[in-house]
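The structures considered in this document are given below.
Next, two complexes with subunit A in common: one pairs it with subunit B, the other with subunit C.
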Partner chain A sequence: MIRLAASARMVLAASLLAAFAFVLIGPILNLALWSVAERWYTPYKLPVTYGTRYWEQVFRPTGDAMASLGTSVWIAVLTVAFALALSIPAGYALARLKLPMRALFMVMFLLPQAFPSVAIYINVARIFYQLGINGTVLAVVLVHTAHGLVFSVWIAAAAFAAVDKDLELAARNMGASPLRAFFTVTLPLAAPGIIASGIFVFLESLDEFTGTFFVGVPQVTTLPLLLYNAAMGGNYQVASITALILLVPSVLFMLFIERFLRADVLAKVGT
Partner chain B sequence: MLSQRHLALLLITPGLVLVAALFLYPLGFSLISAFSKDGAFTLEWFAKAFELYSTDMVFTVVIVLTSCALTALAAIVIAGTLTLGENRWIVGTLRALYRWPLFIPFIVAAQCMRTFLAKNGLMNNSFVSLGLMEPLQAVSYLDWRGIIATFVWKQTPFVALLLAGALASIDRATLEAGRNLGASRLRVLVELALPQVMQTLLVALVLSFVTMLSVLSVPLMVSGSQPTMLTVDMAFRINAYGDYATANALGVITYLISAGAAILYLRRGLSQEAPR
Partner chain C sequence: MPTDMPNGLRSGASIAVRDLKVAYGGTRVLHGVSLDFEPGSFTALLGSSGCGKTTLLRALSGFVPVESGAILVGGLDVAPLPPEKRGMAMVFQSYALWPHMSVLQNMGYGLKLRGVPKAQIAAKVGALLSMLGLSGYEDRKVTALSGGQRQRVALGRALAIDPGILLLDEPLSNLDAKIRMVMRHEIRSIQQRLGLTAVHVTHDREEAMTMADRLVIMQAGRVAQVGTPEEVYDRPASAFVANFMGAENVLPLHVARAEGGASVTAGTAMARLAPEAAQALPAGDAVAYFRDDVARLDASDAAAGGDLLVPGTIAARAYPGGVYRYRIEAAGRQITVDDADRHELGTMIGLRIPLQRLHIFPASEAGIAA
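Showing the complex of A and B:
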C-alpha cells in the first residue's frame, strides 16, 4: 500500500516535471521548427516541407542578416571597450580608495537600470537628434554603455575588493610604484571578474532592443531590430533564425557564468 | 601630490559624467517636457494622457502585478523543491532545466511566444495531438495572456535563482527540526524557510516589476491590439505624432508606478526592522 502511494507520488512528480519541461522548452522548440520550415500553414501541426532555404538566405554574405550581425558585434565590442575604460578606474576607486559619498555613487550607476527606460530613451533620442548624432553607431554605443555601466562598475568594484590587499602591499614594499603594483598585481588578479563583467556588457549590448529602437533608427540595424522587422513583416523564418543566433551566446553564458564569476566575487557585488 | 580622495573622485568622474549626460539630463528633460507648455507650468499633458490612455494604465498595472505574483509563485515552487526536495533525480532535472530562459533576451522570448501561443502554435497543437482538446477549441493567446506568459517565463529563472541562493544559505537545522517534528515539506517551506528569505524575494520582485514596466518588445510583438501597455503608447505618441509632451507625461506616470513598487518594498523593510 505504501509502495503504491509512493509510486503514485513519483508518477505525479514526473508528470509535473514533464509539463514544466514542455512549458520551458516548447517555445524554443517552436522557434527552432520555424527556422527550418519552408512551408507551414494550418491545419498542419508540423511544417509541410523542411529545408535550409531561409538559413542560406540569412547567411548569404551579402544578406541583411550578416550586415546586422556585423553591426551588432561591432557595437557590442565598442560598448565593452568604452564601459571597461570607464569602470576599471571607477571600480578601483569604489573598492580601494577613500571615497566621499560612496553609497550615493554606487546608486548613481544603478539608476539607469532602476527607472523605466522607454521614457528616458525617447528624450535621449531627442537630445541626440539636436546634436545630429541620432542614427549613428556612436549614439547606440553611448546608450548601451550607460545601460551596461551598472554591471561593469559593480562587478569591477567587487573584483577589486576580492583581491588580497597584502599582495599589493608586498609589491609596494619591494619598491614597486603604485601604478606598477596596480598593473602587475591588482589588475591581473581582478581580471577574471572584469572579463566576466565585459562578457555581461557584451551580451547586454547584443540583446538590447529598446534603446536602439529609439536612437539607432533608421540607419543602424542591429540583430534585435532585424528580428523585430522580420517578425512584424510576417517573415517567421528569418525572425526565428535571427532569434536563434541571439539565443546561442545567451545560453552559453548561462551555462558558463559560474566559471567566470567566482563565489567570493559574486558575494561582494553591490556592497 | 594628489590626495587619495581627489584621486578617487578623478577616477570615478568619467563614469558619472556619462550617467549624468545619458540619464539625469534626459530625466530632467522628460520632467520639464511633461509639466510645461511654452515655458509655463501646466498639467494639460497629464489630462490628455489620462483621457486617452487611462485604460492602458490600468491594463499595464494589472499585467505587471499579475506577472509578478505568478513569477513569485513559480519561483517559490522551484526554489522550494530545489532546497527541500528529497528525490535526487527530480531535483537534479529541475536544477538543470529551470535556468534556461535566464539570459534569453526579451525580444527572443517574445518571438518564441508569438509562435508557441498562436492559434495553431505548438502549444495548442500538442494539446490537440494528446487528445486534451478539440481542434475547434483552439484559440490564440496572443493578447494580455501572452504578455503575462512571456514575462513569467522570462523572469521566473531570475527570481528562482536568487531565492534558491538565499534558501541555501539559511540554517538547515531549523528546517530539519521542523521536519522531525512532523511538519510537511510545504509547511516547512511556507512557515519556516520563506519568512527568512522574504527580503531577497521582494528585491527580486521589485527588480522584475521595473523590468516588466520598461520592456517595449514584448507588448509590441506578442499583443498587437488594444488595450496595450504604456511603453507601446509612448513609442506610438513619438513615432506617429512627434508628441513628446504627452509621451513624457506617460513616462512620468511609469516613474510613479515604479516608485510605488519601491516604496512598498521600503515600507516593508522598515516595518520589519522596527520591532527588533
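Showing the complex of A and C:
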C-alpha cells in the first residue's frame, strides 16, 4: 500500500517535471527544428527536408544577419557604457549620501517602465526627428540607456549599500583620498553587482524592439528587427536562428548570476 | 632585515580636545568635551551605550563632522581636516578588513599609498606579522582567518603606517573571552613598546581598568570623571560614576551633623562619624553606593561598633564560586552582598556596612542613578 503511494507520487512528480520541461524547452526545441528545416509545410508534422542552408545564409559574412548582429552588439556595448557611467555615481549617491528625496529619485528611474512604451517612444521619435538624430545609432543607444537605467541604478545602489561603510572609512583612515578609497575598496567590492547590472543592460539592449523600431528604422537594423522582418516575410528559418542567437547571452547571464552575485546584494535591490 | 623595525621607541603624538561639540542630524551627541591625551598614554573611554564615547573617537578620527571646538594634535588643529590627513590609525570593532585583498595587501595598503617600494612593504608587513604571531600569513585571504587573527591583522594594518595615535573602537568585543584576555595584554604591550598614544573605547569596565593608564568615564555626551583606574574606582566623583564602576547597591541615608561629628541613619540603623570623616559628607538626605563585597552578614542583634548595622532578610542565594551571593531585603531595598558563610533563606540578619567604604552623594544629585 505504501509502496503504491510512493510510486504514484513518483509518477506524479515525473509527469509534472516533464510538463515543466516541455513548457520551458518546447519553444526552444521548435526553434531548433525550424532552424534546420529547409522545407516544411502542411500537413507534415515534421520538416520535409533538413539542412543547414539557412544557418549558412545567416552566418555568411556578407549576410544581413551578421551585419545586424554587429550593430546590435555595438549598440549594446555603448548602452552599457552610458548606463554604467550614470548608474555608478547615481547608485553610490543613492546608497551612501543622505539625499532628501531619495525615494523620488528611485521612482524617477522607474518612470520609463511605468507608461506604455509605444506612447513614450512615439514622442521620443518626434523629439529625435527635431534634433535630427532619428535613425542613428546614438538615438537607439539613448533609448536603450533610458530603458536600462532603472535596472542598473537600482542594482548599483543595492551593490554599494551592501558594502560596509567601515571598509571605506578604514581606507580613508589609512590615508586614502575619497576617490582613492572608492576605486580601491568600494568599487571592487561592489563590482559583482555592477557587472551584473551591466550584463542585464546589455541583454535588455540586445533584446529591445519597440524603441529601436521607432527611432532606428530604417537606417539601424538590430537583430530583433531582422527577426521581425524575417518572421513577417514568412522566413521562419532565419527568424528561428536569430532567436536562438539572442538566447545565448541570456543563458550565460543566468549562469553568471548564480555563480557570482551574493544573496545580500540581491536582497537590497530596490530598498 | 628592514631598518624600519617596529620595535624602536617612537613617541606618540599628544591630543588636546577643546570644547568639542558634535551633533547627528540635529541631535547633539557631545556637549562640549575637553580632554588632554599625553604622548604615549593609554586612555580608555568608558561609558554605557549612547554616552558618546564612540562618537568622540569617530570625531577624533574625522569620520564624524565636528560642530564646534578643536582637536589639537601636537598643537595643530585637525578638526577641519579629512580623516586621511590626521595621522591616526583606527582598529575597528568589525575589523573592517578588505575581503578582496590578502593579508599582505590589507596591511600594506597604507604604505602603498605613501609610495613605499614593494620590497620594503613586504619586509615591514613580515616584521609586523611576526610580532603579532602570524608569520607567513601574507598570502592568506582575510576571510579565511579566525576572529582573533583578523583582529591581529587589523591591528597590524593600523601599526604599519607608524601612526602617532592609535584609536581602538571596541576592538575586543567580538572575540571570545579567552582570546580577549590575550589580546588585552598584547595590545597594551605593543602600545607601550612603540610609545603610541592610544585611545580605547569600551563598555567593558574590567577591560578598561586592566589596559588603560587613565579612564575617562562618559555620561550623556559629557565627561563624568577622568582619572587613573584606582581614582575612578575608589573615589568616584558622582553617583553615576560610582554606579557605573560597579557600586550597584543603593542605600538611602540621612546625615545629621552634630557637635563633634555626624550621625548617619539608614532606616532604623544609626552610626556616628568622627569630625574629620564627617567633613566630606553632605548634610541631609543622601544616597550611599557600595559594591557587593563591601557589606557582611552578621547576627541581627550584634553590636554595631561604628558600622551601620541594617536589619534585613535573606531573599535569595546563589553560589557564583568562592563566596555565596545573597540578595537581602533591607531598609526597603534589595541589596546584593557576598559572604563566605552559607545562610538559609528567610533568615533575619544584620547587614554590616562599614561607613568608610560607602560612596555617599546628596540625594538630589543621586536621583538619576538611584
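Here is the rule we use: the second predicted complex is superposed on the first by the 261 of 271 C-alpha atoms of A that agree within 3 Å, B and C clash if a C-alpha of one lies under 4 Å from a C-alpha of the other, contacts with A are read in each partner's own complex, and residues count from 1 in each chain.
Going forward, contacts are C-beta pairs under 8 Å (C-beta built on N, C-alpha and C of every residue); 3 or more make two chains touch, one makes a residue touch a chain.
Here the structure is a predicted model, which is why all the values come from computation and not from measurement.
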Superposition on subunit A - do subunit B and subunit C clash or fit: fit
Partner chain(s) touched by A:167 [first = subunit B, second = subunit C, both, neither]: second
First, second, both or neither for A:145, with subunit B first and subunit C second: first
Which superposed partner A:175 touches (first subunit B, second subunit C, both, neither): second
Contacts of A:126 with subunit B and subunit C, given as first, second, both or neither: first
Between subunit B and subunit C, more extensive residue contact with subunit A: B
First (subunit B), second (subunit C), both or neither touched by A:210: first
First (subunit B), second (subunit C), both or neither touched by A:228: first
Subunit B versus subunit C as contact partner of A:93, first or second or both or neither: first
Subunit C versus subunit B - closest C-alpha approach in the superposed model, Å: 11
Partner subunit B, residues of subunit A touching it in the complex: 10, 13-14, 17, 20-31, 33-34, 42-43, 45-46, 85-87, 89-90, 92-94, 97-100, 105, 108-109, 111-127, 142-143, 145-146, 149, 153, 203, 207, 209-210, 213-214, 224, 227-228, 231-232, 236, 239-240, 243, 246-247, 250-251, 253-254
Subunit C to subunit A touching residues, read off their complex: 61-63, 82-84, 88-90, 92, 94, 96-100, 109-110, 113-114, 157, 161
Subunit A - residues contacting subunit C, complex: 164, 166-167, 169-178, 180, 184-185, 188-189
Complex interface listing, subunit B residues touching subunit A: 4-5, 7-9, 11-12, 14-16, 18-19, 22-27, 29-30, 33, 87, 90, 93-94, 97-116, 119-123, 125-126, 128-129, 135, 153, 210, 213-217, 220-221, 231, 234-235, 238, 244, 247-248, 250-252, 254-255, 257-258, 262
